[in-house]
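Below is the structure I would like to discuss, written out as structure tokens.
By letter and in written order, the chains are A, B, C, D, E, F, G, H, I and J; residue numbering begins at 1 in each of them.
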Amino acid sequence: MSQLASVPSNNSPYSDLPPIITKLFEAKARKGLSFEKLAQAIGKDEIWVAAAFYGQAKLGPEDIEALARALDVPLASIQNELGSHWWPNRGLGSVPPTDPVIYRLFEGVLVYGHAIKAVIHEKFGDGIMSMIDCKINVTKKPDPKGDRVILTFDGKFLPYAKW
Amino acid sequence: MSQLASVPSNNSPYSDLPPIITKLFEAKARKGLSFEKLAQAIGKDEIWVAAAFYGQAKLGPEDIEALARALDVPLASIQNELGSHWWPNRGLGSVPPTDPVIYRLFEGVLVYGHAIKAVIHEKFGDGIMSMIDCKINVTKKPDPKGDRVILTFDGKFLPYAKW
Amino acid sequence: MSQLASVPSNNSPYSDLPPIITKLFEAKARKGLSFEKLAQAIGKDEIWVAAAFYGQAKLGPEDIEALARALDVPLASIQNELGSHWWPNRGLGSVPPTDPVIYRLFEGVLVYGHAIKAVIHEKFGDGIMSMIDCKINVTKKPDPKGDRVILTFDGKFLPYAKW
Amino acid sequence: MSQLASVPSNNSPYSDLPPIITKLFEAKARKGLSFEKLAQAIGKDEIWVAAAFYGQAKLGPEDIEALARALDVPLASIQNELGSHWWPNRGLGSVPPTDPVIYRLFEGVLVYGHAIKAVIHEKFGDGIMSMIDCKINVTKKPDPKGDRVILTFDGKFLPYAKW
Amino acid sequence: MSQLASVPSNNSPYSDLPPIITKLFEAKARKGLSFEKLAQAIGKDEIWVAAAFYGQAKLGPEDIEALARALDVPLASIQNELGSHWWPNRGLGSVPPTDPVIYRLFEGVLVYGHAIKAVIHEKFGDGIMSMIDCKINVTKKPDPKGDRVILTFDGKFLPYAKW
Amino acid sequence: MSQLASVPSNNSPYSDLPPIITKLFEAKARKGLSFEKLAQAIGKDEIWVAAAFYGQAKLGPEDIEALARALDVPLASIQNELGSHWWPNRGLGSVPPTDPVIYRLFEGVLVYGHAIKAVIHEKFGDGIMSMIDCKINVTKKPDPKGDRVILTFDGKFLPYAKW
Amino acid sequence: MSQLASVPSNNSPYSDLPPIITKLFEAKARKGLSFEKLAQAIGKDEIWVAAAFYGQAKLGPEDIEALARALDVPLASIQNELGSHWWPNRGLGSVPPTDPVIYRLFEGVLVYGHAIKAVIHEKFGDGIMSMIDCKINVTKKPDPKGDRVILTFDGKFLPYAKW
Amino acid sequence: MSQLASVPSNNSPYSDLPPIITKLFEAKARKGLSFEKLAQAIGKDEIWVAAAFYGQAKLGPEDIEALARALDVPLASIQNELGSHWWPNRGLGSVPPTDPVIYRLFEGVLVYGHAIKAVIHEKFGDGIMSMIDCKINVTKKPDPKGDRVILTFDGKFLPYAKW
Amino acid sequence: MSQLASVPSNNSPYSDLPPIITKLFEAKARKGLSFEKLAQAIGKDEIWVAAAFYGQAKLGPEDIEALARALDVPLASIQNELGSHWWPNRGLGSVPPTDPVIYRLFEGVLVYGHAIKAVIHEKFGDGIMSMIDCKINVTKKPDPKGDRVILTFDGKFLPYAKW
Amino acid sequence: MSQLASVPSNNSPYSDLPPIITKLFEAKARKGLSFEKLAQAIGKDEIWVAAAFYGQAKLGPEDIEALARALDVPLASIQNELGSHWWPNRGLGSVPPTDPVIYRLFEGVLVYGHAIKAVIHEKFGDGIMSMIDCKINVTKKPDPKGDRVILTFDGKFLPYAKW
């Protein structure tokens, strides 16, 4: 693990994020912490913590304190940039995405989006799966033919208002 | 259940699909079958069957026979349009999607895509979750505060080649 | 009021909607009914009824019956196209919109979107105003300097999940 | 409240705004003032003040003075950048917007735009709701099932010229 | 002048307009009437009449009657399609425009838009020139070095609301 | 008038223009000169001068001298950046424009472009109104119901070559 | 040469052109005439005639007569569709073009556009090469290493107005 | 000619080119050399030299030496940036172009592209005019009615492979 | 193999191709011929034949005769639509492509395009690999870990002209 | 070979890559190494090494060590930026590409993509050629009529899941 890991602050997506973000990524790299371990340290799920690292979730005061402790980053430097006055400006990266990992998720929407919509309507009625009250996680399922990624979205169903 | 349900063949997304598709949707509606029941009848998962209805999956000869039986649609009419000579031209609908159900999935990619990518890399290394060798399902989790949609992608991890 | 009002089924936005839609618009025009009067007749709000006419809301069985009665349109013809098997494929028209009435709403998002977001966060915290559990109405406020349009969105606040 | 709140001047949307803007946001954060309180201090509505903070409204000389006083920011520094020679270059952020709060407003245009247009025409005739002579506000309506955001546009109706 | 002038109803922009429109254009061609003469016949300006022919203005009941008379087109056929129930869906053609005549106007916006904005602000203050309460005309100014087109927009200035 | 007016050189549209441009705007603001007065001082029309300030017209050697004199800016600093070796790279701002002043001009093209084209053809034949040999001006027409902006394009008609 | 050559009227670019266009192409094919021979028959240049076939130039009354004669097509059928009431709606095909022949021209603009602009300015001053008063031709230059296409644009220089 | 001509390195298209490029343009301006004279000095055509200045052609070692001599620029400074290790990343400016000079060329492709394609096919068969083995030049043809720009592309015909 | 295989002529990409194309696909399907066998029958490579089926290559007179024979399709019906008067309008499908098979090729350009360009320049100098004089083939390489697709482009190197 | 070769870090595509990347390109240029020789030095293929130089592949610890040795670049400087904490954000350059070398590959997808898809399906069934488990190479085939580029993609076939 490099003692001097640096993260390219002029590269996408970091250039669109507050400067403290690259400092947090560098501290995480120097500590050799995965999002999983970091998440355990601050009592949250790893995908949510990673989302916060990409400026896509709002850290609460205790989250900021726990993060400063876990990464040995001065508390004030995080508070100054990501404190109570900061709100996420969500949505990151180009549309459509070009990175193959993210593109595959987008391809899932293109290929299976209508099927998912149809089944949600049949099971729940007219409405949507919330992406606001939604919890996401990624787990690894070992498989002799090749390990599998299990990606789950657990979102509240919201029925359409009629008035 | 209307005995004469019709599906608008000139509307998106039906207008981009083989003509037999609207016939299949109409037969399904007139029979009052959900994708879940139809899937049980032909021994497949409901999301996969719905994907096939939207021209996003290739039915095998037995799938076609089972479908014709379950829907009382002449076997030849399906074979003629979706038989062995037909291959899905995948990817359906506008980019970005405007329907709120499908847009929420797209928003999930915009907001959580980088976080999912980061965690996949940390758990699996450099590579992607396949959207080809991938199984998707939707289940309903009852919840007194509002039922929840559980959407799962179960895809093989593919490591990047080095050569 | 023309006894033979016709609606251009090959024009946007009608060409993207089920064929019954132009029939409903023609019946409404021939009856000389405004959305306000039609809405009273079927016990709903006028914006919601107009949204349903543009294929953006799902009519329930009683809504369809009330509509057929109010417009003297055969019940079955509406049920066949917009019955329980039909689900709205929401999102209508070009992006950005070119019609000045609709463009002004879009301009409101461009010019005041960030201000509205900032005030919502300050009053409610991290989250959004739902456009699913949302009721919209338009009223006329007489004013000697020129009447005013009062357009109101009444949407549930949804806090972001943390997990 | 952090004594050293900083705002990322290289991030969207701040990077598209005059440099004084981030100073104003930082002063507001350090004072712990909401737009509501700040608006009371300078005798304007909170949405209009927030719009001015995002470079979307033109402050008059007295507005600038009141703002300098309320925020303890040197008067000249605001006058130099946002004085009488400065005119808003309106329209902020990407199209379509990716942030979910702002996207929901945009979705409102996509889904309900045609319905709003139809009802405006029926109530007022051929013309538009002005987005120039328009006042916008956001209020909180407590509701045991979840508080609601009431967002109102109060715009003058402008009839189309015929000549 | 051909007695059988036809207008390509499947071509842009006619394909985006109500079917009666091509009939009106054909009648006008067969009568050998310019927009100028037609406008005199119905007591309006030629640009406004041309705009109505392209579905960009709303004809009143008397306009429709005058038009039917001037073109020997059955009154009912215009009323049925463009009567009181019809509202213009404004905005025609591709963006950016490709036709050189229209592109030059667009180029005028690209090249001189900021200059026009700056001078409007200096002469009128913060606000816009209305394109709703706006009258447009085209006249020919003979010039030995080549005749000149004089295109004038006469629009009401609308000051921005402050609230 | 601020003695220290500054213009945001990193903001659109200034960031796309030579650095001297913001100096010229600042000098103009500090002198308290409108484009109208500045234009009189250098013997040109105000729209043309404003266009030159936005990098959309080429100043001749005498124009540069007159400008340096009128604004008390060192002659060489203008010559170095906008001298005989500099040619305008015309076309400024996003497409479509988002600022409401400029958007209204663009809306004029969308709504009235086909009508203007049709009338030009009828009055002049097959050809275009030049946007190169074109003079533009803006005047204020007082009106008790609200002052009006008179915007005029005076462009040479160019007939299409046949060969 | 097939006696029954047909041209796909539902294919781009024919589907965007008046129906008579495909008839003219078919007549030309059945006669076995190249644009060169056809151009000689009607006394015009082949590129101009080809442009007219693609709806990009306006045929005069004598051009229409000569064309009808040369192709044995009824005069009235051309007059009805392309007569004095018809004006070209110029600009054909997708942007950027995908056909390799047309793309190469577009690539020429991308790669050499700035160089051509710079040399035009140096030789002529501030202005443009007209694409309205412009004659284009294509000739074949035999070359043992492979024949060469000589494509020439001969356009009037138009100096920018100053006012 | 200014002794201190500067070129805006932060403006399009210079900001997308190696830093030495603006130095070369400045040296050329200070020497008062046109591309024509510079081209003579280094034994190449002016359009090719201009293309190289815009980073669209690869200078050989002797070209670099001749250029350094003609412009009194240190040889090493050109070699370091544009030497044998540098390859053009071709294609410059926005699509579609907004500058009127370059737009006219693009308009030529839109309006005459299909005609040029048709004539190339008739004269040469199935294939393209190469934009790689292509020589371009611009000459001035004096004309009492206004000088004309003669722009010529001389490109090798490449027949399509069949295999 | 269905005796009545049909191909959806209103679906992309068939709807953009001459009508005879769907007849050829149907004949091929009914005969149960792969492109490999069909290619052998007419003495060409399978990818080239498939390209011709998608309207992307020009069949010669003998190719048309051989095809008519191999598929038992009337010779004249092919000649009438794809005879000597027909030229491919190349480029098929949406950009970027959404079908995963075609998207992967596009992804190859996005991810490896710069690397391929760099190596071509190092091995060949300044120039390109021709996509006109280029032969493409696809072969199957059996592999116990999963068969592999070998896709090869064999294109002539074309050096850039200098003049 | 220049001893001071520099690479324009503010130019596309370098500006989108970690800063160390331009240092690596400069070191390679100063050493006079081709990708072929560099690849031999570190025991990988040249296209893969070039992809890594463009930030499109992930170097392992030994790759980084071999690279540092081959280029005499301090090991830590590569590890700090491209070490185990760095993951490629794949996809480089504009869409569609404008550089002719890369555009030709894109053109190959546009013109031959459907043909390649059809032949893959016929030889392998429903599935794709992986662009993740894919090896690419470029070789030179001498030919008296002009050397040829042989570009090969060797990718694993992945059958679509059915579930």
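The definition used in the following text is that a residue touches a chain if its C-beta (ideal position, glycine included) is under 8 Å from a C-beta of that chain, and two chains touch if they have at least 3 such contacts.
Labels paired with UniProt names: A, B, C, D, E, F, G, H, I, J = Cyanate hydratase.
Predicted model, so just to flag it, every value in this text is computed and none were measured.
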Intersection of contact partners for chain B and chain G: I, J
Chain pair equivalent in interface to D-F, over half of contacts matched, among G-H, F-H or E-F: F-H
More contacts between chains, A-C or E-F: E-F
Rotation in the CA alignment of chain A with chain F, degrees, nearest 5: 145
Chain F-chain G separation of Cα centroids, rounded to whole Å: 34
Computed distance of Cα centres, chain H from chain C, in Å: 54
Chain centre separation in whole Å, for chain H relative to chain E (CA means): 42
Per-residue overlap in chain A, given as positions that touch at least 2 other chains: 13, 48, 88, 90-92, 95-100, 103, 107, 110-111, 117-118, 121, 128, 130-132, 134, 158
Set of all touching chain pairs, with the criterion as stated earlier: A-B, A-C, A-D, A-I, A-J, B-C, B-D, B-I, B-J, C-D, C-E, C-F, D-E, D-F, E-F, E-G, E-H, F-G, F-H, G-H, G-I, G-J, H-I, H-J, I-J
Touching residues (chain side chain E, partner chain H) in the complex: 96, 98, 100, 103, 107, 110-111
Contacting residues of chain A [partner chain B, same complex]: 13, 34-36, 46-48, 50-51, 53-54, 56, 90-93, 95-97, 99-102, 104-124, 128-131, 134, 136, 138, 140-141, 143, 145-158
Residues of chain A that touch chain J when the two form their complex: 1-2, 4-8, 10-13, 25, 28-29, 94, 97-100, 103
Complex contacts: residues of chain G adjacent to chain F: 44-45, 48, 57-58, 60, 87-88, 117-118, 121, 126-128, 130, 132-135, 158-163
Chain J residues within the chain A interface of the complex: 15-19, 76, 79-81, 83-86, 88-92, 95, 131-132
